[in-house]
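What follows is subunit A paired twice: with subunit B in the first complex and subunit C in the second.
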Partner chain A sequence: MTNIWEKLAKLDRRIIYLFLFLVVVIPLLFPFKLEPKPMPPVVKLFNYIDTIPESKALIVSVDYTPDTEPELHPMSIALLRHAFARHIKVGVLTLQVMGLGLAQDALSTVTNEFNSRAKTNADSIIYGRDYVFWGWQTPVLVPILGMGENIANVFPVDYYGNRTDTLQIMEHLKNYNDVAILVSISGSAIPFYYITYAQTSFGVRIGAGSTAVQAADFYPYLNSGQVTGMMSGMKGGAEYEQLVEERLGVKGRRKATDAMSSQTAAHIWIMITIILGNIGYFALRRRKK
Partner chain B sequence: MTVSMNPWIWVSAILTLGIFSFLYKENPFYRICEHLFVGIANGYAITFYWHRILVPTLIDPLSHGQKLWLIIIAIIGALYFTRFIPKISWLVRIPIAIVMGYSAGASIPRAIDASIVEQVRATVVTRSTFASVTNGIYALIILIGVLATISYFFFSRERKGILKPMSYIGIIFIMVGFGASFGYTVMARISLLIGRLTFLLRDWLGLIH
Partner chain C sequence: MKVRLPLLLVLIAGILGAIPFLIPHSIVQSIDNEFRNSVLRIIVAFSLVLGVGSIIRHHVDKIKRKREHWQYSWILVVTLVVTGVIGLFGGIEGNGRLPTHIANFHFDIQTIYMNMAVPLMATMFSMLAFFMASAAYRAFRARNFEATLLLVAAFILMLGSVPLSSYIFPKLPGFAEWILTVPNTAAKRGMGFGIALGTLATSLKIILGIERGWLGGTK
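Here is the complex of A and B:
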């Protein structure tokens, strides 16, 4: 028996990788249906956005780069679906230069979904009327503090080169006073910057979408009410997708939900390896004694 | 199965496999992909900095004879490059000092407010905390956790008396925190693997829909 534990202790890590690969791939090829149960932080964010009055806007700050796209991109898409389904005005920006392409992708995906179903002009999602993509500005303190004074000064031209002060949506979107909540979706500390600078100075509400690695760091801010609601990792994205489809009936590809069967299988596999590793460790230690 | 005919998908797929090849062992294919990534990422960022920041905010106004005071700012910014000239490399301290001074001035009061005052306020237990029993219990756990964890990091006195049990409880809270962080880290890393494998199986090989 001890021999087995010795072999396991010396197991080539590439064999573990191979198993992990299979554990992830098989559920992707043959998925089993999982319906994520939305947790309170996600429900809080959803409920707050759901009750945004017509006079206020939602700002989505796409502050992630392609390396965290699988975790965070579904959140942006789900948020935009929610906002457009409720006819909430949306301003999109990024504080990461590589977030530009991702923000553009999320916007085109969701606007195409809505516009392909729209029957009238009022149903359509129109640039400059229903949403604006301001683009990117740096360093982070400049846009975060500047938007509290005047958004058009921080972004004189939008991502497409239009003067922002000529856009219809900007008539009622001057600064944070016109914003119901700003949701920063990020794989870095950018939501903290929004809390520290935008919220402390201007009182704007902050929502967060974070990678799972960072989620534990955000919970104290959720507990204190500094973060209104948050989505953590791929599971958080899947929960928001679930709420958007379940409560608003908005259909679309649910990237995070589709991946949850692989995610679950991989977690079970890792738990098994941890348990086996610990049993082996204690068995070998006893033998040495 | 419908394999993609898009050459860019093929480029992405080959580069993804190149990075994955590191899992077997380090090899030249992986190195090429890694260097390509670093080079392209920097090139992309520099292009945007030039077109979106330097041209509209510095070069355009100056070329029209407006905002001439920006020349001083540009010179101060350019002092960063003195780093490459050993004789005058000390000049780099000027822009660094300005940036540090601005950042510290803007950060310190707000960081104290956001990270200390608000956090302490949220930790304090009052009568209203117990309006809901569940919330009250959670608030007590948080209060005990905060006090115990702080006692664990209190090194000015020997761990005797009340400090001893408190620091032991602190260790439990710290371990629970590490466990939660580890669990979340596993989820994050697996998510990235799923993202790439979905790309390979869906966008490249057309095996899933």
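Here is the complex of A and C:
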């Protein structure tokens, strides 16, 4: 009997790994549908973006790298779907050089979705008229503070090599005064720079998209109103996808929602291992006494 | 001179970095503008060149001397050169001067990035899930009151961060949100103040030349 408790208290890590692998992979192959119920921080972000007036723009700062792509990329895609469905002007940039390709991928994915359904020129999403991709600029303080003064000065040319001041969208997108909200999606500390410098110095509203592990750091700013709303982890992305589809009827592949079954199974497995470990630990402790 | 010049530069840069936030005068702001938009960008551009130069030098040296795992250095150097050339001359999605496809086989920088860099980096990061699962199993033992509190909070947050929780216990996601909004915020604010004061003190010590560890241990 002692042997069983000992085994429970000292599970071989290979067993933990094997089961974790199975509970992640099997639901990805045979997903069960779990519709997320949007939480207040996500609803706040969605509602604010939903009411952006025509004269203001949304800035999406794609500040994540490929390592956090599965968790954060669906957020960018859902945000762009929302903005384009509402005909909100969008400016995209990245403060991480590795984020360039991901921003480009999110933009091409969403614009292709909208343009394949478009029937008129007005329905289409056109570069330079409806959105602009400024590209990457470093160090982080230069674009964050510089965009408060003049965006075209910070990004004289866009990602594709066009002069930004020649683009139609830039006529009404000079600095943070023309921006309704800037959403920084990141697995690093970059959104904090936006809060510290852009929000505090220029008063621009900040939204955040973060990895689940980092989300707790944003709650003080969410409570103080310095962050308008946020998406945390894959669940946050799934909740935003849910809102975009439910309220705007915008269909598209919902990668975060698709992964919810896998994430749920993984969390449950980790919880089971913790329970087993504690059962073994207490049984052994009682026997020792 | 070797010590005084860097100290003087740090003093000037530190003051120039801080005062624009305190003095809104146009002269101060224009100096800051110039410093931030020109000087800082030039320094960073140099550091990028320095970074690429030193990584090439390090790996070329490793190949020359055939140090341990020198074969991998070839992969790094070749990859750096190939992607660099494709990125510079092939355009973003194959619309540059350099042809980046053979029939239907595309090797433009965006294709390389999405099909190589993204899966490789995502795979590396996904390993963390396995280590976290193993660490959680070993660390979360209800050994005492504090450990039990941590265990319970972790359980609620783990369950609260998946949609299944709202089907089983409809109020659990809201409770998880409360933990993050109230106790978490209280603790984070306290820590935040402490960190801010510590950062301020350390920055002042560096700017004023009291802390000189960054000079390489020179007293």
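Worth a mention:
Keep in mind that, in the parts below, the second predicted complex is superposed on the first by the 288 of 289 C-alpha atoms of A that agree within 3 Å, B and C clash if a C-alpha of one lies under 4 Å from a C-alpha of the other, contacts with A are read in each partner's own complex, and residues count from 1 in each chain.
The working rule: a residue touches a chain if its C-beta (ideal position, glycine included) is under 8 Å from a C-beta of that chain, and two chains touch if they have at least 3 such contacts.
Values in this document were obtained by computation on a predicted structure and should not be read as measured data.
By the touch criterion stated above, A:Leu28 is placed in contact with subunit B alone, subunit C being left untouched. In the superposed model, A:Thr68 lies in contact with both subunit B and subunit C.
When the two complexes are overlaid on their common chain A, residue A:Thr94 makes contact with neither subunit B nor subunit C. When the shared chain is aligned, subunit B and subunit C each come close enough to touch A:Pro220. In the superposed model, A:Gln104 makes contact with subunit C only, not with subunit B. Once the two complexes are laid over each other on the shared chain, residue contacts for A:Tyr17 go to subunit B and to subunit C alike. In the superposition on chain A, A:Glu149 makes contact with subunit C only, not with subunit B. Of the two partner chains, neither subunit B nor subunit C is touched by A:Thr164. Look at A:Ser184: by the touch rule set out above, it reaches neither subunit B nor subunit C. Residue overlap on subunit A between the subunit B contacts of one complex and the subunit C contacts of the other covers 17, 20-21, 24, 67-70, 98, 138, 141, 145, 201, 212, 215-216, 220, 223, 232-233, 235, 263, 266-267, 270. Residues 11, 13, 16-17, 20-21, 24, 34-37, 39-41, 65-70, 98, 101-102, 104-105, 138-139, 141-142, 145-146, 149, 153-154, 159-160, 201, 212, 215-217, 219-220, 222-223, 232-233, 235, 238, 260, 263-264, 266-271, 273-274, 276-278, 281-282 of subunit A are the ones touching subunit C in the complex. Interface residues of subunit A facing subunit B in the complex, by the touch rule stated above, are 14, 17, 20-21, 24-25, 28-29, 67-71, 97-98, 100, 135-138, 141, 145, 156-157, 192, 195-197, 199-201, 211-213, 215-216, 220, 223-226, 232-235, 255, 258-259, 262-263, 266-267, 270. Residues of subunit B that touch subunit A in their complex: 23-24, 41, 44-45, 48-49, 52-53, 56, 103, 106-107, 110-111, 113-115, 118-119, 121-122, 142, 177, 180-181, 184-188, 190-198, 201, 207-208. On the subunit C side of its complex with subunit A, the touching residues are 21, 33, 36-37, 40-41, 44, 92-93, 109-110, 113-114, 117-122, 124-126, 129-130, 132-134, 136-138, 140-143, 151, 154-155, 158-159, 161-164, 166-167, 173, 177, 180-181, 184-185, 188-189, 192.
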